[in-house]
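Structures for review follow.
First chain A sits with chain B, and in the next complex the same chain sits with chain C.
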Partner chain A sequence: MLTSVPEALNAFSAGLILISAFAMVATRQVRGVLRFFVYQSLLLSLSSFVLGYGTHSIHLWALGVITIAAKVVAIPFVLRRLLPGDFYERREISQAVNIPSSLLLALLLTLVSEFITGPVVSAAHDSVLRVNVPVGLAGVLIGAYSLVARREAIPQLIGILAMENGAFFAGISIAPELPLIAELAVAVDVVLIVVVVGLLTRSIQQTLGTTEAAALSELKEEPVEWH
Partner chain B sequence: MALIAVVAIPVVAALLCWIGLFRRYAWGITLAATWSVFALCVFVSARVAAGDRVVGLAGWLECDGLSALVLLLVSFVCAVACIFAGGYMHRAEHESEPRLWWFYSNYNLLVFALLAVPALAEPNLAWVCMELVTLFAVLLVGFDSTSSALEAAWKFAVLTIMGAPVALFGFFIMFWAFRSGTGGAWETWDALRSAAPSLDPNLLKLAFLLVFVGFGAKSGLAPMHTWLPDAHSQAPTPVCAVLSGVKTTVPLYIILRLLSVILASPAARVGGWLIGLGLLSVGIAAFLLLQVRDYKRMFAFSTVEHMGIILTASGLATRAADFGAVSQMLNHAITKSLCFYVAGIILLALGTREIESVRGLFRVSPFAGSALLLSCLAIAGAPPFPIFLSEFSILSAGVRSGQYATVWILAILIVVAFVAILLHANRMVFGKPTLPCPRVLLPATCRVAVFVAAAPVIILGVYIPPPLHNLLRLAAVQLGGR
Partner chain C sequence: MTETIGYNFLQVFFVLAIAPLYAGVLSRLKEIVQSKRGPSIFQPYFDLWKLFQKDEIVSEESSWIFRVTPWLVFVMPIFVTILIPVLTDYPLAFAFMGDMLAGGFFLGLAGFFAALAAVDTGNPYGPMGASRTRMVGFLAEPVFMIVFFTVSFVAQSTIPYIVQKRWIESPAAFFAPAHILLLIAFLMLILAEGGRIPVDNPSGHFELAMIDESKGLEYSGRGAALMKWGGQMKFLVLACIFLNVLVAPWGLAHGQATLNVLAAVPLILVKVLLFAIVLVAIETSLAKLRLFRITEFLGAAFITSVAAMVTSIFPGV
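Up next, the complex of A and B:
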């Protein structure tokens, strides 16, 4: 099936990306979640380097460099500057769903994304596509799921960023000639997301004394009594 | 040139507000910037309405009927909201606040991002600017730093930023469809649209579905609407007007652009999705409107309702319904921003957001009372006002295209929302005042903003100037219904 070294390497990093997505779901400590996100971003850039080498595409090389600069260097740096150190030692004791069930659900989401993309991908005779699109969609879905299951602010933020990684992992196979300016803009945008949400988390911490998103439940709809 | 200035001026103004020397004049700078942007947008849309194609940078900044309409709406609402901010933000409780310059700097950046989305011809960059809109809006929603404002900002941030990677995935798939259909890389919306007939319809539908879900969350369509009432009730009032009036319209603009690509492809059909989700939004909003307690939330739910109506109309996919959809976009923007200015005045005068505690507003403050009555009648869609006209034209377009079930459901839900809004308005405006409340002198800028915002709401109901009518017609053509 696999014909060349770059494709084999890409498939290898696809597997590891999926595993790091599962690891993010299974980790309680904030620091651990952040670490797995950085690993995942490194794998994403590895994939775009090897695919760039295989297809002689300068765009993919640039994307790999941008990914490292934004997600491996800038995002952890910004988070550490914005939030105090003890923040990362925190562990989430109560999650909406316990971890074994979460992993099971993540597995289910992976199967679902294989099913959804299967017919579309198999029409294109390209073995890279067949690996990247289902894994990318699984990354997006698992990230979205961890947003729902997580209670702490920063793991929720990292869930969003992991969704972005999933989208890009599919993107490097299906849209390799994306204009460079768009890629740069997306990277700047991702860092800005972290700055804004980090600032917001800091003011929530200062005002409410907690960063549990579950504590934010003041605003809701209550029925009015008609006279 | 004009188009470049439109996106450059707000950035310059934002930088000026940052510089220490000018921080004291932040409001003046923002006012000058937003009004000159509005003047330029009028100029650009007048040229578009006369049949020209306005190009700022070929392939990057271009403007056709639909984008000119959105530019015009965004610049108008942002300019009037800036007048309102003058009196509203500079009250006693904010005066000690040294961060007002920060507010205006952010506001200018939000205006920039809102204008850039319709002005950009490159879809991926439009996606990026849509993200920027969300981020600057999050900072403005949380500006007050009270616990409820921060909660609203958090929900807003998580739910709407989460939509972005989903939409990005959709854009990648669109790119894939374009590449495998034509062999090249796409540049603009127009290139995508003219290539649409030769693209794989299944990929197009998948891409549209992902973008629809991702940006539908950003424009507050039901089931992803839950952040909207919180954000639109907790943000400072001028920001509410911008968020509710145009920030919800801008992601819808991108959805409609993609819809025109889908309609250009003979095999891909998505009208059913649009009508289904549109009617769901209208329905959920209509019944939540009946039981709402907070008048700012009431106007927020009415925004969900109107987004649903626009979506349903564009799902009908006829030329007449498209005309109704773009008119509804226009009328929603001008009327909803007026509603939030009025809500802001009531909040200033009475200091409460609860419908229950506002009684006999007409006696407490005749100005606020009559403004509330006018804006509620206008937003609910009572006859002499423009929303009545656009809703009526959507319904009649539906009847003419034979989609009776859709029209019936839509009409019933519109009536439910109408009754709900007017019941609340009736209880607030008339009756005996319950709060022993001293007459407050409203800031002059707030009054001016209400008058400026009310003028088009009153005029457009009876007379639409020919250039504007032309612009609406061109925008409807862009939607691509038959």
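Up next, the complex of A and C:
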């Protein structure tokens, strides 16, 4: 079975996207999580470029450019501007589940996504679909998992964004002709989410001195001064 | 037939001759990256020569295990060498004597005896290093197994030559997500088995922090030389499996003529040099892990290898 170069490159970046999803689960430092998210977004845009080249779809090229602009440039920039520098050196010691178990659960989620999508994608005679859909679903599930297991606000935020990456990775194989307006809307949405969550985190940190979401279990009665 | 036996010996000779050089190049590159000058790349040869000249002292309290181990550690990588593609891409005379699992067993046997010998003398550091090596070993073994089974599942064979041919013939399998996951799992495995930095510091001289090195502390003279050379060959053999079978199966000698086989040598050298640069980049950018973080490191390798298996079994590929 011979594949074309774009398909081969796409499959190659699919493997690396899965790896970076695992790496995001395994990393303790906020900076490391953010970095792996940037790698994953770069790989996603690589995939959409090569598939856009392969299927002659201008939409996928646009998606690649939007992904780079929003997720590789804008989101790290916004987060860096909003949050103080020492924030990124912080290590997250107390996760709800420790990291080896988290990784095992991530593996389980991968298994589940392969198991669920296997019969569906094997019915479709499209080799790109066969690679992208299981990996994309695994990305969505692992992102959702890190949303649950992480306790710091920013890794949780990156969990949401990683879910979105996974959904896009599956999406570019299912619907290469997704209208540009939808992609643009999503991209702007994502940056807005980051701005809102970043601002919220910043003010939470300024008033409470912590951004551990797990610690935010009590409501405060007295009015809090906002800086 | 006689030719291929000859090439087998050529492979063994290649590994014997290049392994110390490779160790020298690795340490020199690392020193250069860390802006030091470092010893000459031929220093390991001088070390081996010096050790072979020296007297050997063996404790009276030690048993035959202590005396046999250097030979086993020296010979086992050579046995593995005759099973794997080092220079040629067609199977040589002894290629079908054993598969990749047999290679794993050979290296495992050497490691087992090295651990026993470290305990044998009663040196306080030896058993400590031996037990640590065993800890790394038993965490690494499941990864080895899963990697081999996944490879054999994809290639329908466990003979390294056939696996290598399979990657060349089918670019779809070569670029499949399973393959890149396998590569990363195997790379982490090489780092752990070769005692490289995130797991162990190969140039450290502090006995309490040693994992791999402290097993050979009691050896002197010829025994020390054999242990050292054997360790260097083991690392080169693992690198050859990684590069020639998994990462870049191209560039090996295809023709039967001696000239073809000799022409493959510089290509292999370029490959292992590139791999050395990657290793140096990894080693200088990471810090050595605490002992109990090694479980996490190898756990991650295990997860990666199982993910490779999962993605290769389901009909996605």
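The rule is simple: the second predicted complex is superposed on the first by the 216 of 227 C-alpha atoms of A that agree within 3 Å, B and C clash if a C-alpha of one lies under 4 Å from a C-alpha of the other, contacts with A are read in each partner's own complex, and residues count from 1 in each chain.
Operating definition for what follows: a contact is a pair of C-beta atoms (placed from the backbone, for glycine too) under 8 Å apart; a residue touches a chain by one contact, two chains touch by 3 or more.
Since the model is a prediction, treat every value here as computed from it, not as a measurement.
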Clash or fit (per the criteria above) of chain B with chain C on chain A: fit
Residues of chain A touched, compared between chain B and chain C (which is higher): B
Which superposed partner A:73 touches (first chain B, second chain C, both, neither): neither
Contacts of A:186 with chain B and chain C, given as first, second, both or neither: first
Touching partner for A:96 - first (chain B), second (chain C), both, neither: neither
First (chain B), second (chain C), both or neither touched by A:130: second
Touched partner set for A:175, first chain B, second chain C, both or neither: first
Touched partner set for A:200, first chain B, second chain C, both or neither: first
Chain C, chain A and chain B - angle at the middle CA centre, rounded to the nearest 10 degrees: 160
First, second, both or neither for A:58, with chain B first and chain C second: neither
Closest approach of chain C to chain B (Cα atoms, Å): 17
Chain B and chain C footprints on chain A, overlapping residues: 119
Chain C residues touching chain A - in the complex, by the definition given at the top: 170-172, 174-181, 184, 295-296, 299-300, 303-304, 306-307, 310-311, 314-317
Touching residues (chain side chain A, partner chain C) in the complex: 1-3, 7-9, 11-12, 14-16, 18-19, 22, 26, 99-100, 103-104, 106-107, 110-111, 114-115, 117-119, 121-122, 127, 130-131, 133-135
Complex contacts: residues of chain B adjacent to chain A: 122, 124-125, 127-128, 131-132, 135, 138-139, 142, 145-148, 150-155, 157-158, 161-162, 164-166, 168-169, 171-173, 175-176, 179-180, 185, 200, 202-203, 206, 229-230, 233-234, 288, 291-293, 297, 355-356
Residue ranges of chain A in contact with chain B within the complex: 119-120, 123-124, 136-137, 140, 143-144, 147, 153, 156, 160, 163-164, 166-168, 170-171, 174-175, 177-179, 181-182, 185-186, 189, 192-193, 196-197, 199-200, 203-204, 207-208, 213, 216-219, 221-224
